[in-house]
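In the two complexes that follow, chain A is the common piece, with chain B as its partner first and chain C second.
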Partner chain A sequence: MSATETSPGRVIPDRLTGPAARVLRSWETLLVAVAVAIFTFNSFASPYFLDPWNLSDATFNFTEKAMIALAMALLVIAGEIDLSVGAIVALASTAMGYALQFGADTPLLVAIGLGVGLTCGAVNGLLVTRMGLPSIVVTIGTMSLFRGIAYIVLGDTAFNGYPESFAWFGQGYVAWVFSFELVLFAGLAALYAIVLHLTNFGRRLYAIGNNPTAAAFSGIRVERTRMALFLLTGLMSGIASICLTSRLGSTRPSIGTGMELEAITMVVLGGVAITGGSGSILGVVLAALIMGLVTFGLGLLNVPGIVMSIFVGGLLIAVIALPKLFLGGSRWRRSPSR
Partner chain B sequence: MLSTHPGIAALRAAPVPHDVRPVLSLRGIAKSFPGVKALQGVDLDLFPGQVTALIGENGAGKSTLVKILTGVNQPDAGTISLEGRPLRFATAQEAARAGVTAIHQETVLFDDLTVAENIFLGHAPRGRFGLIDWGRMRREARAILAHVGAPFDPDTVLRDLGIASKHLVAIARALSIEARVVIMDEPTAALSQKEIEELYDLVERLKAEGKAILFISHKFDEIFRIADRYTVFRDGQMVDAGLIADVSEKRLVEMMVGRTLHSIFPERAPRIGKEVLRVEGYCHPTEFEAIGFTLREGEILGFYGLVGAGRSEFMQALFGATRPSGGRCRIDGQERAIRSPSDAIAAGIVYVPEDRGLQGAVRAMPIFQNMTLPSLHRTSRAGFLRAAEEFALARRYAARLDLRAASLDQPLGLLSGGNQQKVIIGKWLATRPRVIILDEPTKGIDVGSKAAVHEFMAELAAEGLSVIMVSSEIPEILGMSDRVIVMREGRMAGEFAREGLTAETLVRAAAGIGEARE
Partner chain C sequence: MIATILKRRETMLALAILALIALVQTRFAGFARPGNLAAIFNDSAVLIILALGQMAVILTRCIDLSVAATLAFTGMVAALVNAAAPGLPIGAVLLIAVGLGTAMGAVNGLLVWRFALPPIVVTLGTMTMYRGAIFLLSGGEWVNSHQMSEAFKALPRSLVLDLPVLSWMAILVIALFVLMIGRTTLGRAFYAVGGNEHAAIYAGISVGGTRFVAFTLNGALAGLCGYLWVSRYAVAYTEVAQGFELDVIAACVIGGISIAGGIGTVGGAVLGALFLGVIKNALPVAGVSPFWQMAISGIAILLAVAFNARSEQRKGRIILKSAEQAHAAPAPATGASA
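Coming up: the complex of A and B.
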């Protein structure tokens, strides 16, 4: 009972499960299995699937959304959400198109895209942290607000005629089949994984998502961290907007519609608890891959878009529900912070 | 003391009838929770038309008894009989149907419903097709409200009412279910003097209607004002029961705190050094005012008071979790502005909260990550986590605190309350503080862990750490403190040296009885 300096004979092990067991039981392993299954199925179902250029084209199905999903994952882990990301993409694209009318060159267009993203993120962040409003309500509001502005500026028209140098972001290739978008996404994903899993900042996100009060009582500056996450999500939406606008070569006010739900689907499918406090970047990346593979595979089979969305929805529910049904939800443990 | 209350002479004039039979009788009630024997062989009788005061310290088993009476918890042993018939309250609904109702400290009513809906929730008058008969409900609500002297309309939304009015609604609800037994759990805790007087009137009226009333209170003046009988609990056992007319206040206090301190506290030879903390004029618009004291190296300063005296609120302001409206704080003679917990941690003040689940533990996170949460800057390099350093720190404090866990990677929420508390104390020690504030450090933890926490506290003080201990347990306050500050209603009600300090003095100062001697 004594709390003396040394209590002989009582050594608590650091960990009980070895690294192999942890990998085997992780949510990410399940996602890898699903991805392999879909990949195998697709390669048998269509002779065109395994062509490198076809696969390269397929990555455009998810890269822009997945960039947003990276920041969204951090936000959801910290217990917040941003539903306005699709609208930020539209507003940033509109601002770039508007500047284009006054002869803005590529560097300025990029600066405008990033700046609008950051500004929108700041609006969301200030409303949540300064006014103490729930982020789901704030971002439902700003979702309509940002897209509304895009519609007012554009009406029924579209901005066209982006410079050739600007087109590289969405259409250029860094090497062989690897597009700029794919390389950028891979780089960002690595950066996010490092920040979330290897830094103090990342650790604090898990603490805030699990118990914001205890986090604040532990000296974590909760509101400042939340603000940073909304800024980051805005910035990523700006980057996604540059890529998407560049790839399409035009801006319409409906650009990026529904992106928020696809990004959130990736986050949830990737094993991030929607209630906050757990998840990994690897999971989100795998979920993005799975969604890309499914969309591409079904496209090759000439399955209409509506059926695809049914399939993606079914997949999301299946992947989340099945382990719970068969394993009682215990084996595929979502580790709180790895 | 008694003569200060004009009502008492009148009460004494009408002697308590001795020939009535109890409405509700409890015999040999026992209840255990993991690690705690909350009640052991308790007897209680409640008589129609009489008020029985239930007296005891925090943790004496009063709340458990209320939960058993209202069907929230079931006793492990013993019998409950209503008018001689034995019965079991398997659920809260059954207890309500049998006519037992409770009015709590924080009344369990629904803020967004109207007064009438609150009164009749669960037993609303029904009309055709089983739909609620709103007209009848309003009429009946209005009649009951008039009966209890409530000046508001049944259609008022509860949120718009003050705490006293909410009590009236709770009482009206009790009347609407034709309660025979009314339990009032510290009903005056949040009321003004005028509202308390109105409550007394109401209690008299309930008595006149033949209700049996169980009145739980820490305030001796009101016990002598309205109670007919008393029952004293201590450590889950019934110590004594009888007629208020036959007992003195002094005797009740003695029975409540007990003659002996039955827990064993560590022997200490305090080596008290120079002043570390000086607090001046801390104020808050609603919770506390004019709090000032000093704390020295190696000293354990106890803060005693009743629930709601403002102790935790003050400590959280000192820790920067809430903003005081005024006040200054010096550490080692240097003035420090504390606007957030991170300021406090930087200044060397840390706080182990009373509400461990909400404010202390990140339950889903592993033990080692909880331990390092406030000192990540120590275990990391350039903002990058270093797992080896984190485990080393966690191992060090786990060993020092004699932690019991399967592994340091285990989620904190899986540990027992006592071991969770050890982790939280460990996480603060790792920040190398000057002052540690422990708010009810042994609340809700088992006896073994309690002793470990006490010994550890003594050890920390011996190493020169300054300790502030908020506690509502008198033995703990007397057993651990070098000096005690008593708070009452947000103010400092007295400061006492350990030498010669008695439980009676503390209780008197906390309840505002007589003169608190400095």
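Coming up: the complex of A and C.
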């Protein structure tokens, strides 16, 4: 506002960077480079990697979690978080198994899975929006509650014997090597990208994530939008539950344990700021792909699952720490709290 | 005077615990025996210690999800050291466990401080890495009771003044926290950093440094608990205390420690942990399946956080009396609720 800004020695450029430079320096470009590097490395490390059917199998590593990650990305962009998704998967699966005992057929099972997901999302959403509670604590509580109900119903037993037609969701192929889960995920990803990047609803999420008070004053129905996001996350968890239950063919109360962590890892790895207000669906999809490639590649090299988690954990930290080291944190200057 | 004491959350929580004990006592005589109450305290000792460590972290507006993994890792190292060198005095083993825990907490603290990374992401990452590291270290093997020396297993059980050392450790940590939180500048700095980051900077407090200390302290306590846990149950394996971090956070939330930082008391954290401990011990006595416990603690968390939110609603502070009157005159333009 004063002379200091235009004083000699300080040039203010007309525009910060050109569009090409912006694309090159973007998070998504970095993710593409990482994905290509891992893909190349894997294809040299194991002769079995480049087989189409092997690659197709590898997609099962991430499709279910990535479906949840899509909704979680919207939630995180709007400044909220849901730690109960893994528990919703377990509860939805338990409900489907319970209905199965009374002879429910496939359409009813699917309806129950989706319904339970939506109900759980509604519980989270109501607690957060109506009572004004922080989502992180609410969802830690509901995480215990939802999975607790699954344990009450199942104890140390399991539900088995899902009908043949139900198995298609997790085991069927639409065409050649493209599984139903992969096609469903691709379709949902496209839908989410359109909703987030091309609609008013999507723009509102960024506004809410950056400044909920300002968003409310500019006429956005903040609480209603948040509620919709929790419902959406519950619904996606229900869909993931149907796929996972169908793929495994049985329900134990421990089903989907740790899914919330992997979904959040995908979201953060995909460049969504955990503090809200920025991120893209493309980034999340790429992050899911990278995590799938890493776990599959390490699996081919006979690395046990728990050791892979070291890589995933390290990747999560490195990916957010490295830009701070090299870019001086210019893009990431945010309050360090949560 | 009495009204203010009754209104305090610690009093309410203590009354709730007493009511719970009385309820179980009416149906199962002997539950409120001093001996049984001491056993419940002993059972809750680890949870109390970790809840206090977590409280320090949460007070600074951070969160540590890696405590249980840190506990399991240090416990495994302590067990392996003991198995390899049974002659090593227990003091040295304890020192190794605490030192290792301190280092692991410091890693979290450094990442949060120096890289300004969001604590939830950092500790999510280190949680999976520490868990994986246990597997690498042990090769997935268990360290069983017969591989541990008698002295290693005896310490937490040995009685001093009719109370096991495990209980005394918890009492010692409670006493240290009462002194530190209430009587040292460090303790007050925890509140300042969480209460208002910017004001803390102007008061000459290093925000990042204080958070670093909180994480390191929490790590040290997790290290101590690692030894206590493994020696008490006389077994060490990769999944020790899996998910225990949620119990710890639940104890804090139930104890009235605000997840938004800056609010909470030592008494609250201890009572929160005891509340969960009493429930855990009352369920089997009351003949309720242990599978109910998860759902019940979930409901306890939700009730506690809903209760917290009511008592936490901060009134905007107006320092000048005249400004207050000027503010009171026009219509309430800004305040959503008084």
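Some notes on this structure:
The rule is simple: the second predicted complex is superposed on the first by the 309 of 338 C-alpha atoms of A that agree within 3 Å, B and C clash if a C-alpha of one lies under 4 Å from a C-alpha of the other, contacts with A are read in each partner's own complex, and residues count from 1 in each chain.
The rule we apply is simple: a contact is a pair of C-beta atoms (placed from the backbone, for glycine too) under 8 Å apart; a residue touches a chain by one contact, two chains touch by 3 or more.
What you see is a predicted model, and the numbers here were worked out from it, not measured in a lab.
Once chain A of one complex is fitted onto chain A of the other, the partner contacts of A:G155 are limited to chain C, with no touch recorded for chain B. In the superposed model, A:A207 makes contact with chain B only, not with chain C. After overlaying the two complexes on the shared chain, residue contacts for A:Y48 are found with neither chain B nor chain C. In the superposition on chain A, contact is made by A:S218 with chain B only, not with chain C. By the touch criterion defined above, A:I274 lies against chain C but remains apart from chain B after alignment on the C-alpha atoms of chain A.
Of the two partner chains, chain C is the only one that A:L127 touches; chain B does not reach it.
A simple residue count on chain A separates chain B from chain C, and the partner touching more is C.
Touched by chain B in one complex and by chain C in the other are residues 336-337 of chain A.
The touching residues of chain C, counted against chain A in their complex, run 61-63, 111-112, 115-122, 124-129, 131-133, 135-136, 140, 197, 208, 238, 246, 249-250, 253, 259-261, 289, 291-299, 301-302, 305-306, 309. Chain B contributes residues 319, 321, 340-342, 344-345, 351, 353, 358-366, 368-369, 373-374, 376-377, 380, 383-385, 391, 395, 398-411, 427, 448, 451-452, 455-456, 459 to its touches with chain A in the complex. Within the complex, the chain A residues that touch chain B are 1-7, 10-17, 198-204, 206-207, 210-211, 213-221, 277-278, 336-337. On the side of chain A, the complex with chain C involves touching residues 81, 127, 131-134, 136-138, 140-149, 151-152, 154-155, 253, 261, 264-265, 268, 274-275, 304, 306-310, 312-314, 316-317, 320-321, 324-325, 329, 332, 335-338.
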